[in-house]
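Below you will find the structure I want to go over with you.
For clarity, chains are labelled A, B, C, D and E in written order, and residue numbers in each chain start from 1.
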Amino acid sequence: MDHTLPWLILLAPLLSAILVLLFAHRSKSLSVSLSLAAVFVSLIGSLMAFGISPEALSTTFTWIDLGPIFKLNIGLKIDALTKVMLLVVTGIGALVHIYSTVYMAEDSAKSRFFGSLSLFMFSMLGIVLADNLAMMFIFWELVGVSSFLLIGHWYTKESAAKAANKAFLTNRIGDFGFMAGILLVWSTTGALGFSEIQNSIGKLTENPTLLTITGLCLFCGAVGKSAQLPLHVWLPDAMEGPTPVSALIHAATMVAAGVYMLARIFFLLEPSAIALTVIAWIGAITALMAALMATQQNDIKRVLAYSTLSQLGLMVAGIGVGAWAASMFHLFTHAFFKALLFLGSGAIIHALHHEQDIWKMGGLKSTMPKTFITFLIGTLALSGFPGLAGFFSKDAILLSAYHKSSGIFVVGLVTSLLTAFYMTRLLIVTFLGKGRTEAAKHGHDCPAQMTLPLILLAVLSVIAGYPIFAEFVFGHENFHAVHAAPHTILVPILAIGVFIIGTASALAIYKGKNNDPIRISLFSNRFYIDEFYAALIAGTQDMLASLSGWIDRYLVDGVIVRGLSGAAQGTGYLFRLLQFGNLQGYAFLFGAGVVTVLYLLIK
Amino acid sequence: MNQLTLNNYLLASGLLFTLGFAGVLLRRNIIIIFMCLELMLNAANLSLVAFSRFHVGADGLPNYNAQVLVFFIITVAAAEVAVGLAIIVALYRARQTTHVEDIQSLKF
Amino acid sequence: MLALGVSVILNRDPVASALSLVGSFVCLAALFVGLDAFFIGVIQILVYAGAVMVLFLFIIMLLDLRSEKRRSFNKLAIVGGVLVSSAFGAELMYVLSSFNQGKHPFPALSVTRLDDVRSVGTTLFTYFNLPFQVVGILVLVATIGVVVLSRRELK
Amino acid sequence: MLTILLLVPILGAVSLLLGKGDRGLTKICALLQTALTLTIWFAYDRTKAGYQFTFASDPLLPGLDLRFSLGVDGLSLLLLLLSAFVSLAAVWLAPKAEKRPQLYDACILLISAGVTGAFASQDLFFFYAFHELALIPTFLMIGLWGSGERQAAAWKITVYLALGSIILLIGLVDLFLAIPSPNRSFDLVKLQQIEMHHLIPVAKQLRPWCFLTVGFGILVSLFPFHSWAPTGYASAPTPVAMLHSGVLKKFGLYGMLRLVVPLLPDAGKLPVYSNWTAMDLLLLALLGNILYIGLVTIAQRKLDYVIAYSSVMHMGYIFLGIASLNLIGLTGSALLMFAHGLSVAALFAVAGAIREREGSLSLDRLGGAAKSVPFLGICFAMATFASIGLPGFANFASETMVFFGAFKDPGSSFIRTATILSLWGVVISAVYMLRAYKSAFLGAPTESSSKWADLTGSSKLVLGSLITLLLLGGFFPKYFISYLKPTLELALR
Amino acid sequence: MFPPITLEIVVLCFGLLLLLVESFSNGADKRGLAKGGIAVLALVFLGSFLLQTNPPTPEPGSYWNFYSADPSALFFKRLALLTTIGILIMAIDSQETLAKSIPAARPNAGLGEFYCLPLFTCAGLMFMASAKDLILAFVALELVTISFYVLVAFTRGSAASLEAGVKYLILGALSTGFIVYGITWIFGLTGETNLQSVAQKMTTIHDSDTALLFAFLLVLVGLGFKIAAVPFQGWVPDVYQGAPTPITAFLSVGSKSAGVLLLLRVIQPFLNVPSIQNKVLCILTLMAGATVLFGNLAALNQENLKRMLAYSSIGHAGYLLVAIASIRSIPSPFGTVGATIGFYLFGYMLMTLLSFMILTLVSSQSRGDDIQHFNGLAKRSPFLASALLVAMASLAGIPFTVGFYGKFLIFAQAIGAQQYLLLGLGIVAVAAGFYFYFRVIAAMWWNEPSVTTPIAVPGLTRTAIAILVVSIFVFGVFPKPIMLLFQQ
């Protein structure tokens, strides 16, 4: 039982994916029920995982076997850390599946959607369960694929196709570093499994620079997946995908994978102060900038996307300051309320017939009360309202930041201030006031399959932070690791303070406004980073490409190849000129030949 | 006349050979070119005879193999001349010329 | 002899050069005789100075070739020809100068008057009979060729 | 067994040339070929190294151990499997030729016979000879049924490959003469039985190494010698493009694995130019393949050119694996040959199908095809994912092995740097392949592409079988590796 | 079982017989003569396999002093016989073309002679093959040459033929002059004309290297002319183009192979003299390189197929010279250079005869021998097209054909002799060769025919072509019989 359980959790979605994509894609209902079944199997499985032994259980299957010198294993391992992620992934996954049954109801390619969803579940669970870097990389890539498929679900939309490509490529860049890191680890320690590496960590630490490089390379992977600066650009565009996807992949699970990975290999980063500092600052900066961008977005999903960015930044910063447990905790709580918010926004979009501009909404409080309540809870949880999940986790991170580096701490505070600000803005503009469009006026709550997940998530976002629940999920030592840092009263007070300031200012500014009173184009244009990248790519890659294309066409092929063949033909032509048909001329050449050869012979 | 050494004869024949060759290269009239070729053959004959006189066998006689070869060469040359002249005549009939510049239609 | 050879290649008039060729052949025959090769000398006169050259003259008359006056000389070809042939001559001289065997005078003969006709004949008909046959074929082929090529119209 | 396998396509081609038979016969031949190959594949005893199913004639030259002999071991068997399936697909998916259909089919069969022979023969001489056999059919087909600048392309590919082959021939003979006389032989088996490493004194290894590497390199379109490939493939008719880029090109790499690695292991360490060793130069060349050609590929605007250049680019990885000179890398590159062959064949097949429907392959005229021809779309997507090395496909497994192998023990200081650099190629290939896929299949359908008809029936199966093999290799590389391992261990002994 | 010399005797006698018959058969169709000739040559060819070998020790006066019947000699005799058969077949096919350009009072007058002369040429070639004495060699060579003078100029109705005849005559006579002078010098230095004794004597000569080299040069020049080696190749393209097609084939196979054989025999003594060995080989190397490059590059854009084949035959002479220049004292594992050359010439004969046969047919029926006249031949006559494809592939050196095996052996010899310069040039040459041979293939298969009339192929020719094609493949895969034939 123990050893089949992980396989069950992992393979159920894969099975459904295969069945759906290959065979069942004719009948929608069948495929829907298949993938629902799969996700519930995994959910139950992971719940059972809590039941069984607290210490890690692992099981492996050899994927590549070259004897002693080289083995690649598909190894599954369930320990405390895994359980948390399992719960998050399967739980939210299940809810999103249910939600999608309605949300995607009249989509023509419904079964493709669910198939890809199952595929995603499979690959995400793979990352979670992986017991070695190679396997994690494999599923890392697979997650990329499925997210590519899901973002590009409506592939006939040019923007969707573009976004899918963008997401994939940006991740690829991260993976480049990841793979390099893996190679470095392997070549120095000769091991790939997390525990083996941990055992032979000495080989790495004896060469600090190598260690730092390795750590940062691996971190690149996280940067890609968790959309940290400078590779954050794909996440906002990824909102082109259906909203459930955004909720599941781009808020709760996949983007968190980076953080999870960092937590997994924390033992490897810990010895290198430089690596940690870099990580911390990248996280912090991401958090801050993303928050700033969020304040000026008008697309409801984009606001959430940027907030996701900044929260992820916070988690990464947390890792950077050494509080990996705290980060995991925040990941855990954040998953719930961010999923909640996305699904809520999805409900709104659904109700308003795919209207996403918040300035075209308003007054939805009255028309869709259930959505409003849940959304409100989510908002509060996110912006750190005392007593809700977000408060606790964010507090934990800030606490350790406070002890580690004041800079990070300040940034964290500012970020949470901004968070409170833009979330309140969002809430006000969307729900309060009166409807600005016909659609907004006739909004309505969605059927139970959509509201039920909202409610469940809302409940979770409330309770998730409380020790009773969290401790159960995390298990003792980890949960105590969360609160490892010595407690000071200062931090919570500051946190609450910034929350209040942020909310209040937002209320003050946006109450009853029908258009945005503040216009900071720098923020609304996301610091022009995308434009900069576009220019950069055009300047470097495309330029180089066309240059080398030119070289290949006209130099290698044109000059060298054609040149040589031309030279041969030219020589042949010259030779033929010697055959000028004059008998005496031939005799002359003949004689010349004789004379030369004779000279060469007797000289 | 035995104070003449072999080299004197060889020199003479060599010069004759060169002369013939020069003629082949210089003259434009095919018939004369042909004559010059005969000159070259005879040059060869001269040195052959000289050599045959030079390689006196055990019996104290000149080496007659060479003279036989000379005989063959003369015969062959005669035959060659006959055929050659026939071709030249045919050429003249066809083109009214025996000049090398006039037969350059095949080239390159 | 060489002088005549020179005149062969310098004479504008084919007939003249042909005649000087005859002359040089005669001198050549003299040299043969001087080398105790009487038979070859005689053959030389008979075949060459006689038959072959008559044939030449006959053809020249038949085609009544004008001398080459009308032709403008191709300077380049002349220069080239002279260069090549003189170079060849020079190299030949060099070869001869380094040919030490030939520096000695001719060895003496055992007998004073030798009947080389017999000796050549015997050698030719006994030892060299195979090549002799082949030469016969050769002459036959040549005859056929001449007939085929020089008839105005074949019957 | 192998003899029959070899005779099937040849006889088929002959009877077609004599005017008997038609596309049906061709298909039968291809099926037979595949069936036979599969039989051998399963009958082969993979626990043992060395050749099986051997057949050998008497020596063909007096006093020289040169005979017509066939045989397979794990490596060649894998490639035989590849060629069988690709030939099947080539025959099945080949568009009907309106002029001289019989010659067309005969040429396809001849090419496939050539590759089969090359991989099945265990004698160097015939190994070489069979490869050349494909030259004339390729020439005729490109010139007759090709597209675009077809005649120029045919000339270039033919003369260029001829050049490569003659250099290769010299290399082979030079290698043969470099072997000390008692165990001189053209017979790969005999060469395997004797202790191959250090059979040739180190000092003598460099010259044959250079000849062979350049010769094989030309046939494989190694970087400076690649320019025959893109134009050739782009203007070749689909089956030729599939067979040539998928299978025939692997010949050179197969030769590297067969001869250069086992017989000239130390040549790479010898300095060629100042302190550049031979291996460094090879690494430079393959980096050229990966990075430079990768960039060139990004610049392409026509689907067939993208695929053609990409197939040139991927040769770099295979060479990287070979350069690693250890079991991991070699296995990786051997498997990568297989995987790349399948994926590029599938890509060309789809491209050909599009050309049939659209007439042109310039990316800016295509779009949104996935709506009207989902099956082609899926296959193309799968092949794309495979070729950019996504997990689940054989390419990923093998590329991973290549990277690990190349990183394992630095034979030259340069190789690790090269590995890291070539990792970047993975990004590059993703860039161009996804762009190609997007502009061909995603986005709004063009008015012409919305009217296309999808593949049907058996051709679906055939194309699908390529993808299936890719997936098999991706999920259970162990199975294929079990065929390769003994052979390659022998090669590295 | 009968003595080898019977072969020549039979051929000669039958040639005379044919002449007689010809002179009495007025105006009848002369093809019969040729057919008879073919039959007899075939018989002689078969007879050449049941000869009594091991010749008696030569006593003075017997022909054995001049005549050797060693395997290589027999091999080349057979080569000559086969070639002549092929030539006669071609001659039959091109009867109309010939008749048009022979000024004759009555139809096909003179054709008889045209059919008879090749027999004498063949006899000459056979004598040359066996000659082990310079005198016999010279005489036989002259027999061949003079008959070629006649044959080349035979169709004097066409200006080209005459011009070719004159060019061949003058330059041929020039080369004869050189050969004679060379023989003179060899005799002068050794006092011998028999090659074996020459070889013995030469090793004993000391202080006259220059003279030796001079003699070598003179012979080399003369024979280099015969085998069309640069810089003595001037005549080749013009004469090949002008001569009647069968004679072109005869020149390119017969006179080349005889020349090569003689060259092999004559340079052997010089190679035995250590003091000049290196210079000789160096000169041969240079000539080989020049020839192989010249021939193959000059053929590149040649529009006239006959002329293209002429250049290519220069190229093949180059390959042969490469082999000769790779003669070393240590034998290569790929067999002796002699065997290599023998096999190469054998293959060369097959391919050349095949291509010229087809050329004869096509050019006589589509009025011209440019490559463009072969456009779309695959449509007009698939049989001829495939056969020519085989011939071209073999000439280019595609595996499974004799051409490839020959090239393989020659390159192997060169590598064994470490002739890297020649190898480099050879690579270029082979690549170029692929280009110009494949142009013919391209013309036949890619282009559309201007006239679509199918081409009639006489039965005899058809069988001949079939045999040639088959043997190109058979000996391309299984060369052992030939090599054994050569070694024994």
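What we mean here is this: a contact is a pair of C-beta atoms (placed from the backbone, for glycine too) under 8 Å apart; a residue touches a chain by one contact, two chains touch by 3 or more.
Note that the structure is predicted; figures quoted are calculated from it, not measured.
A.B. asks: Which other chains touch chain B while also touching chain C?
C.D. replies: A, E
A.B. asks: What are the two chains with the most C-beta pairs touching?
C.D. replies: Counting C-beta pairs in contact per chain pair, the top pair is B-C.
A.B. asks: Of the other chains, whose C-alpha centre is the longest way from the centre of chain C?
C.D. replies: Computed centres place A farthest from chain C.
A.B. asks: Please identify the chain lying most centrally, where each chain is represented by the average of its Cα atoms.
C.D. replies: D
A.B. asks: Can you work out the whole-Å distance between the CA centroids of chain D and chain E?
C.D. replies: 42
A.B. asks: Provide the C-alpha centroid distance between chain A and chain E, rounded to the nearest whole angstrom.
C.D. replies: So the centroids are 77 Å from each other.
A.B. asks: Go ahead and note the Å separation of the Cα centroids belonging to chain C and chain D.
C.D. replies: That gives a centre separation of 69 Å.
A.B. asks: Determine the centre-to-centre distance between chain A and chain D, using the mean Cα coordinates as centres, and give it in whole Å.
C.D. replies: Distance between chain centres: 36 Å.
A.B. asks: Name the residues of chain A that each touch 2 or more other chains.
C.D. replies: 576, 579, 581, 583-585, 587-588, 591-592, 594, 598, 602
A.B. asks: Check each residue of chain E and list the ones that touch at least two other chains.
C.D. replies: 135, 139, 142, 146, 149-150, 153, 156, 166-167, 170, 174, 210, 214, 237-238, 431
A.B. asks: By the touch rule stated above, which residues of chain C touch at least two different other chains?
C.D. replies: Each of 77, 80-81, 84-85, 88, 92, 94-95, 99, 101, 127-128, 131, 135, 138, 141-142, 145, 149, 152 in chain C touches at least two other chains.
A.B. asks: Who touches whom among the chains?
C.D. replies: Chains touch in the following pairs: A-B, A-C, A-D, A-E, B-C, B-E, C-E, D-E.
A.B. asks: Chain A touches which residues of chain E in the complex?
C.D. replies: So the residues of chain E in touch with chain A come to 166-167, 170-171, 174, 178, 210, 213-214, 216-217, 220-221, 225, 230-232, 234-235, 237-238, 279, 282-283, 286-287, 293-294, 297-302, 428, 431-432.
A.B. asks: What part of chain B is in contact with chain E in the complex they form?
C.D. replies: My answer: residues 10, 17, 20-21, 24, 30, 33-34, 37, 40-41, 43-44, 47-48, 50-51, 54-55, 63, 65-66, 68-69, 72-73, 76, 79-80, 83-84, 87-88, 90-91, 94-95, 103, 105-107.
A.B. asks: Can you tell me which positions in chain B touch chain A when the two form their complex?
C.D. replies: Touch residues, chain B against chain A: 21, 24-25, 28, 30, 33, 100-101, 103-108.
A.B. asks: Which of the residues in chain E come into contact with chain D in the complex?
C.D. replies: Interface residues on the chain E side: 333-335, 386, 389, 393, 396-400, 404, 408, 411-412, 415-416, 423, 426-427, 430-431, 434-435, 438, 441-442, 445-446, 477-480, 483-484, 487.
A.B. asks: So in the complex, the part of chain E that touches chain C is made up of which residues?
C.D. replies: Touching chain C from chain E are residues 12, 19, 60-61, 63, 65-67, 102-106, 109-110, 113, 116-117, 120, 123-124, 127, 133, 135-136, 139-140, 142-143, 146-147, 149-150, 153-154, 156, 189, 207-208, 210-211, 214.
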